[in-house]
Amino acid sequence: MKIKVIMPITSDVFNEEIREEFKHYVGPHDSFDVENLDYGPASIESEFDEAMAIPDILNKVKKAQEDGFDGVIIDCFGDPGVNAARELVDIPVCGGFEPAMQIALGLGKNIGIVTVLPNVVSMLQDLISKMGIEKRVKSIRYVNIPVLDLGDKKKLEDALFNQSLEAIKNDHVQVVVLGCTGMMGMAHNLMKRLKEAGYDVPVVDPAFAAAMMVKNYVYMGLKHSRLTYMTPPVKPYKWWE
Amino acid sequence: MKIKVIMPITSDVFNEEIREEFKHYVGPHDSFDVENLDYGPASIESEFDEAMAIPDILNKVKKAQEDGFDGVIIDCFGDPGVNAARELVDIPVCGGFEPAMQIALGLGKNIGIVTVLPNVVSMLQDLISKMGIEKRVKSIRYVNIPVLDLGDKKKLEDALFNQSLEAIKNDHVQVVVLGCTGMMGMAHNLMKRLKEAGYDVPVVDPAFAAAMMVKNYVYMGLKHSRLTYMTPPVKPYKWWE
Amino acid sequence: MKIKVIMPITSDVFNEEIREEFKHYVGPHDSFDVENLDYGPASIESEFDEAMAIPDILNKVKKAQEDGFDGVIIDCFGDPGVNAARELVDIPVCGGFEPAMQIALGLGKNIGIVTVLPNVVSMLQDLISKMGIEKRVKSIRYVNIPVLDLGDKKKLEDALFNQSLEAIKNDHVQVVVLGCTGMMGMAHNLMKRLKEAGYDVPVVDPAFAAAMMVKNYVYMGLKHSRLTYMTPPVKPYKWWE
Amino acid sequence: MKIKVIMPITSDVFNEEIREEFKHYVGPHDSFDVENLDYGPASIESEFDEAMAIPDILNKVKKAQEDGFDGVIIDCFGDPGVNAARELVDIPVCGGFEPAMQIALGLGKNIGIVTVLPNVVSMLQDLISKMGIEKRVKSIRYVNIPVLDLGDKKKLEDALFNQSLEAIKNDHVQVVVLGCTGMMGMAHNLMKRLKEAGYDVPVVDPAFAAAMMVKNYVYMGLKHSRLTYMTPPVKPYKWWE
Amino acid sequence: MKIKVIMPITSDVFNEEIREEFKHYVGPHDSFDVENLDYGPASIESEFDEAMAIPDILNKVKKAQEDGFDGVIIDCFGDPGVNAARELVDIPVCGGFEPAMQIALGLGKNIGIVTVLPNVVSMLQDLISKMGIEKRVKSIRYVNIPVLDLGDKKKLEDALFNQSLEAIKNDHVQVVVLGCTGMMGMAHNLMKRLKEAGYDVPVVDPAFAAAMMVKNYVYMGLKHSRLTYMTPPVKPYKWWE
Amino acid sequence: MKIKVIMPITSDVFNEEIREEFKHYVGPHDSFDVENLDYGPASIESEFDEAMAIPDILNKVKKAQEDGFDGVIIDCFGDPGVNAARELVDIPVCGGFEPAMQIALGLGKNIGIVTVLPNVVSMLQDLISKMGIEKRVKSIRYVNIPVLDLGDKKKLEDALFNQSLEAIKNDHVQVVVLGCTGMMGMAHNLMKRLKEAGYDVPVVDPAFAAAMMVKNYVYMGLKHSRLTYMTPPVKPYKWWE
C-alpha cells in the first residue's frame, strides 16, 4: 500500500517530524511519501488560507492518482480541498477532521476539540454541521498558539493539558480530539497526564486517524461514493501559470 | 450606494443579461459594477470549479474594498469564497445561497430548491447544514441543464415549472428557490404559471435576493461579525503569478 | 411604497419616537403610517398580552390592505398575529422577530438575543423552534426592564451593553439581536461600545430589520406562500362589539 | 375531581356528543362541565380562527379557577390559548395536541397525525416544533372535511381509515393520532379496522388524551412550571365590552 | 384494573416502601402486585446491571400477562427491558424514564433530570436520544448517592434540593424529573422547598408517572404499536436453568 | 494483535464461513479466535433476542480480556451488549453497527441500510439516534430473509441488489451499509452489480468494518472513554447457574 501525504502548506518546518511520525502511523507494511505545496500559504489558520492552498492541493491529488498511489492524506485538520479532490480521483482521500471524528465517534459519547487559534472555530463548526454530528461535539477550545509556533512542545503540551481539563470539567467532554495535524506526537503523553489527573479519556491524533482511515478504505476495497462526489463536467479553465 | 458584482467565472456569456437585470435589482438610487474573473473556470458546477474560482474572487473582493465599493455580490448560488472574503474585508459580502434562503425563510414554512445539475446537490446540502436550516428545506431538485446552456429560456422555464410542480406536489414545498444565479429573469413568469396551475407560491431569484441583502446591510450600517470571520493571521504566500 | 406600521399596544408613549425612527428605517423614497391599537394591552410582555392584542391587530391589517398599503409591519418582537394576518391578506406582513433573525443569519454564526423581561424567554424559544434555527441561537438574555420603562435610554443602553458582553464572553455569541422593538435607536451606539471593548460584532435592531424585509418583499414582487398561509374558511364569528 | 371542558367555538353542534363522550373519558369518579364560547368563531380551522377564539377562552379559564375547578381542558387539537392560560392560572390546563402527543410518545416510534383540512397543517408543524418532537412525527395527513361536517360519521371513518392506511404504508407511521377533537368516538373502530387490515397500531383520540393528562396532573398534585409560564405583569387593557 | 409492579433488582430493601407508595400511586380503585427479581443484580447503576436484570424481567412480564394483569410497570428509571417486553406481550408495559418524560413534557419548556450516580448519565443521554426529545432536556445532574443508600431520606432530600437549585439557576431548568425510582416520596417536599426558595417548579416522580401512564393506556384501551414492537420470530433458546 | 470474535448466537451455522472471512478481514499479521455463545438465542432478530444474548456475551468479553486478547468483536449488527462490555473491560470492544457507520460516514453524504427483517428497523432507528447521526441516514430497508436463511447466497444477493437500487433511486442513498453481519462476502459483488447498473457507490460490510475499527484502536493505543463507560459499582448478583 502506497500513501501520498500532502502537507498543504508551503512551509517545510514540519517535514522531518512528519516523516518520523508517519512511519509509526502507516506501520512497517505500507509506504508513504510526504510532499509540500509549491503554491499556497505558509500555514492554514483561516478560510482565506484554505482557499489559497486548495488549487495546488488538487494538482497534487490528481498527480498522486496518476503516479499510482493507493490513497491520499491531505494533512490538515480543516479538510481543505477534500470534497473537490474526491470529485477528481477514484482513490480514497482523507483530511484530518473527518477521520479524527470517525475514530472519536466509537470511543465515547461527548467529544471535544482542542485546536490552535480562535480564527478556526467557525470553520470547525461548519465541518461539524456538514458531517451532521452536532449532537456529539460538546466543545471547541483552542490553545492560542499559531501553527508555526507548535514546535515548542512543552508549551503546547501544557496548553493542551489545561484546555482538555477545562473541556472535561466544564463542557462534559469525554473524548478529546486534537484540532490540528501539527499537534503530532502529543496524544499519548496527554492521555497519560489526563489519566494521572483522574480522567481516563482517549485523545485522538488527527494525522494518525487519517492514516488509519485511508488504510481502512484501501484495505477494504472502498472509495467515496460517486453519487456524492460526481466527476466535474469538462470545461475550460484559465490559470496564472 | 456602490455595489460590486463579481461574476465568478471566466465566461462572459451572461454579462449583458446581468447588467440589464441588476439595473432592476439594485434600483435607480444605487450604482453597480459587473466584473468577470481573469482566472478560474468557465462555469461553476462542482466543488472543483469552486476551488478554482475562489482565489481570483478573493483578489477582486479585496480590490472592491480598496476601490471604495460599499458592498460585494459574488454572483453564484454556491456562495464560493464568501466566508474567506468576509475574513478579508469590512464591507458586506453576499453570494446567492444565503440571501436567497434569508428571503425565503420569511415567505413560507417548507422551502424547495430547483438547481441545474445533480453534481451540485451535495454542495447545497452542505450549505443548508452550515446555515443550520435543515428543518426548513424539504427538497433539492434539478433541471439537468448545464449552466452555460441556460440561455435557452423556453426550455429552462418549462423545466423549472415541471420540477417546481413536482416539488410542490410530492415534497410538500411551499416556497421555491431558484438554485442558480444564471436563472435570472425567470422568477416572475414561473410564479405566474404556478399560480395558474393552482399553487400561489413565491419564487425567489437568488441574484435579486443577493442585491437586496447587500443593500439592507449597507443601509442598516451593518457588516459581518468579526468574531465569526476573523482577519487572517499575516504570513507568506507563494503564488503562480 | 406605502407601509403601514401597526404599534400593537394601546399605549402611545412610543409613537413620536417611532415616527422619527421610521423616517430613517424606510428612507426618503417610501412613506409610512403609524397606528396604535384601539383594543388590547398597554404593552406586550406575555402570551396573555399577545392574545389580547391580536384581534385588533388583525382588524388593522385587513384595513391596511383595503386602504391600499403595500406592506404591513406589526411592530413587536414577538411577531403577534403575523401568521393569522398572512392568512387574511395578500400583502407582505412582518413582525420584529422573523426579520431580525433573517438579517442576523447573514452576519455571523452564533446569534444571541437580549430582550426585556424573563417572562418572554419561553415565547422566544418557541419562535426560534418554529423558525427552525435552533442551531444558530446560542443565548437569550434580558435587561429586566419592563417595556414601558424603556424610555430611560441611559439605563437601557448600559444594561444592553452588559448583557451583550456576557453573551459574547460566556455564550459564544457573535451577533447581537435586540429582543424588543421598543429598543429603537440603540443598535449603533451599542455596536460602537462593544467594538471599543474589543468585540467587533453587529447589533440588529428588529424594527429596522422589519422595515427592510417588508420593503424587500414589496420591491421583489413577493408575498408569503398561500400554501403555508391559506385563506381561512368562511364561517360566522361572534364578537363583543 | 372537577374538570372544566371549554369548547372553544361558538357553535354548539358538538355539545351533546361531547357530554356523552366525556362521561367515558373522565370516568365515574370525576365530574366535568362543558361550556361553549360566547365570542369567537363557529369552528377553528385557521390561525385567524384561533386568534378570535383565544380572548374568550382565557376569560373562561380564569373563571374556571375562580369557580373551584381542579383542571381545564381547552377542547381543540390546536391548543389555542393554552400557553396564555397557563400564565393566568395555577390549575392544570390542557388542549388536545400536547396530551395526544404525550400519550402517543409511549406507544411506538413513528407517529402520524390525520387532521381535517390542509389549512391547519402548518399550524401542526409549528406545534410539533415547539414541543421539540420533530424526530418522532413522520406524517401529517388530512381527510379534507371541514370541522362542522364531521357529523357524517361513516364518511369520516372511511376517510380516516384510508388516510391512516396511506400513512402506515407510505410514511412508515406506527401510531396514529386523530388531529381534531371533533373526531370523538372514532379511535376504537378505526383501530379495529386497521388491525383487520393487518396493522395492529394504536389510534389516539386527543380529547380522551386531554382528559387523562389533566386528571394525571391533578391526581399527582402537579401543575405547569411558573418559570416557563410566568404571571403576566399587571397593566391596563382596553376591550370592546 | 390489576397492575404488576416488577422491582427489577434482587434486593428487597425497597419493597415495604414501594407497597406503601404504590397504594397512593394507583389509587383506591385499582390493585397492584409488587415482585422482585429472582435472578439479577442487587441494584441497577450501569448498563451491565441492566443487562443482568433484563432476562428475569422478561420472564416476569410474560408471566404477568399469563396471570391476567392489565399492565406492567418495570420499576426502574432506566427502562430496562421495556422494548423487549413490548415485543413479548399485548398489555401496556412502562418503565420509569419514558412516563416521567411524557408527564414532564406538558409541564414546562426546559426539563432537568437529577439522578443517583455519574455512571448512569450516558445511559440517560441514550434514552433521551432514542425518545427524540433532546431539545427539551437541558441538564442531567446526580446526587452521587448509590441506589441502595437512598434510604437516608434527609441526606437524599438535601442533595436533591441542592442539585435542583443548581439546575434551575445554571442550566435554565424549569421542570425537575427525579432520575431514580428509588427516590419515592421525595417529589412533593422537594417542590415545596424549591417554591420557598422562589422557584415554583413541578417535580416529577418517575414511579408515580409510570403508574399514571400504565393506567392511562389500560383505561383508554391502548397498547404499544405492533409495527414498532413486533413479535420476535420463534426460534430455539438455550439458558442456564 | 489477537482479536476475539464473539458470535453472539448459539447456532454454529455461520462458524466456518466466519473463520474464512475473518482471515481476510484481519489480514495476515493478526490472529483471531471465533467463539459462539453457550447460552442465548439461535439468532438475533428482535430486542428480546438481544436481551437473551447479552449476559453470555458479557461473560465472554470479560474472559477475552483475562485471556490476553487485544480487542473484541461482538459479531452482530445490533451492537448487543457493546456498551455494557465497555464498562467491564479496558480493551476495545466493537459490534457491527457503530463501525459500519464510522466507515460509511467518510464515503458519502446519504447513507442507507439494508437489513434482514422489519422486526429490527426500530432497533436500528434507536442505534442511529444514540449515535447522533440521524441527518446522515436516509433509509432503512430490509430483504425480508431471516438470519438463519441467509445461506442462500443467490437469493440474498438479488434481494440486496434490488433493495439497494430502490434506496438509491427513491431515498437518495449514496452509500449502502449491509445491515446484518450474516451478509458476509456480499459487499464486493453487490458493489460491482450496482456499478454496472450505473451507480458507483460503496457498500460497507459491517463485520469487515468491525475488524478494521478494532484494529485501528489497538494500533493507535486507544480504548473507549472511561467517563462514558464507567466501571460498574461492585454489588451482589444472583444467577441461574
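As written, the chains take the letters A, B, C, D, E and F, and residue 1 is the first residue of each chain.
As a working rule, contacts are C-beta pairs under 8 Å (C-beta built on N, C-alpha and C of every residue); 3 or more make two chains touch, one makes a residue touch a chain.
Which protein is which chain? UniProt says A, B, C, D, E, F = Hydrogenase expression protein HupH.
Note that the structure is predicted; figures quoted are calculated from it, not measured.
One simple way to say how far apart two chains are is to compare their mean CA positions; for chain A and chain E this gives 43 Å. We define each chain's centre as the mean of its Cα atoms; on that basis chain A and chain F are separated by 27 Å.
Inter-chain spacing, taken between the CA centroids of chain A and chain B, is 30 Å. Remark: chain A and chain D have CA centroids separated by 52 Å (rounded to whole angstrom).
Residues of chain D found to touch two or more other chains are 109, 122, 129, 132, 134-135, 228-229. Chain contacts in this assembly follow no simple pattern; the graph is neither a line, a ring, a star nor complete. Here, these are the chain pairs in contact: A-B, A-C, A-E, A-F, B-C, B-D, B-F, C-D, C-E, D-E, D-F, E-F. Across the interface of their complex, chain A is touched by residues 10, 37-43, 45-52, 54-55, 58, 81, 83-84, 87-88, 117-119, 122-123, 126, 129-130, 132, 146, 148, 228-230, 232-233, 235-241 of chain B. Those residues of chain D that touch chain B in the shared complex are 122, 125, 129, 134. Chain B meets chain D in the complex at residues 109, 135. Contact residues of chain D toward chain E in the complex are 27, 29, 94, 98-99, 101-103, 105-110, 131-136, 168, 174-175, 188, 199-202, 204-205, 208-209, 212-213, 216-217, 219-229.
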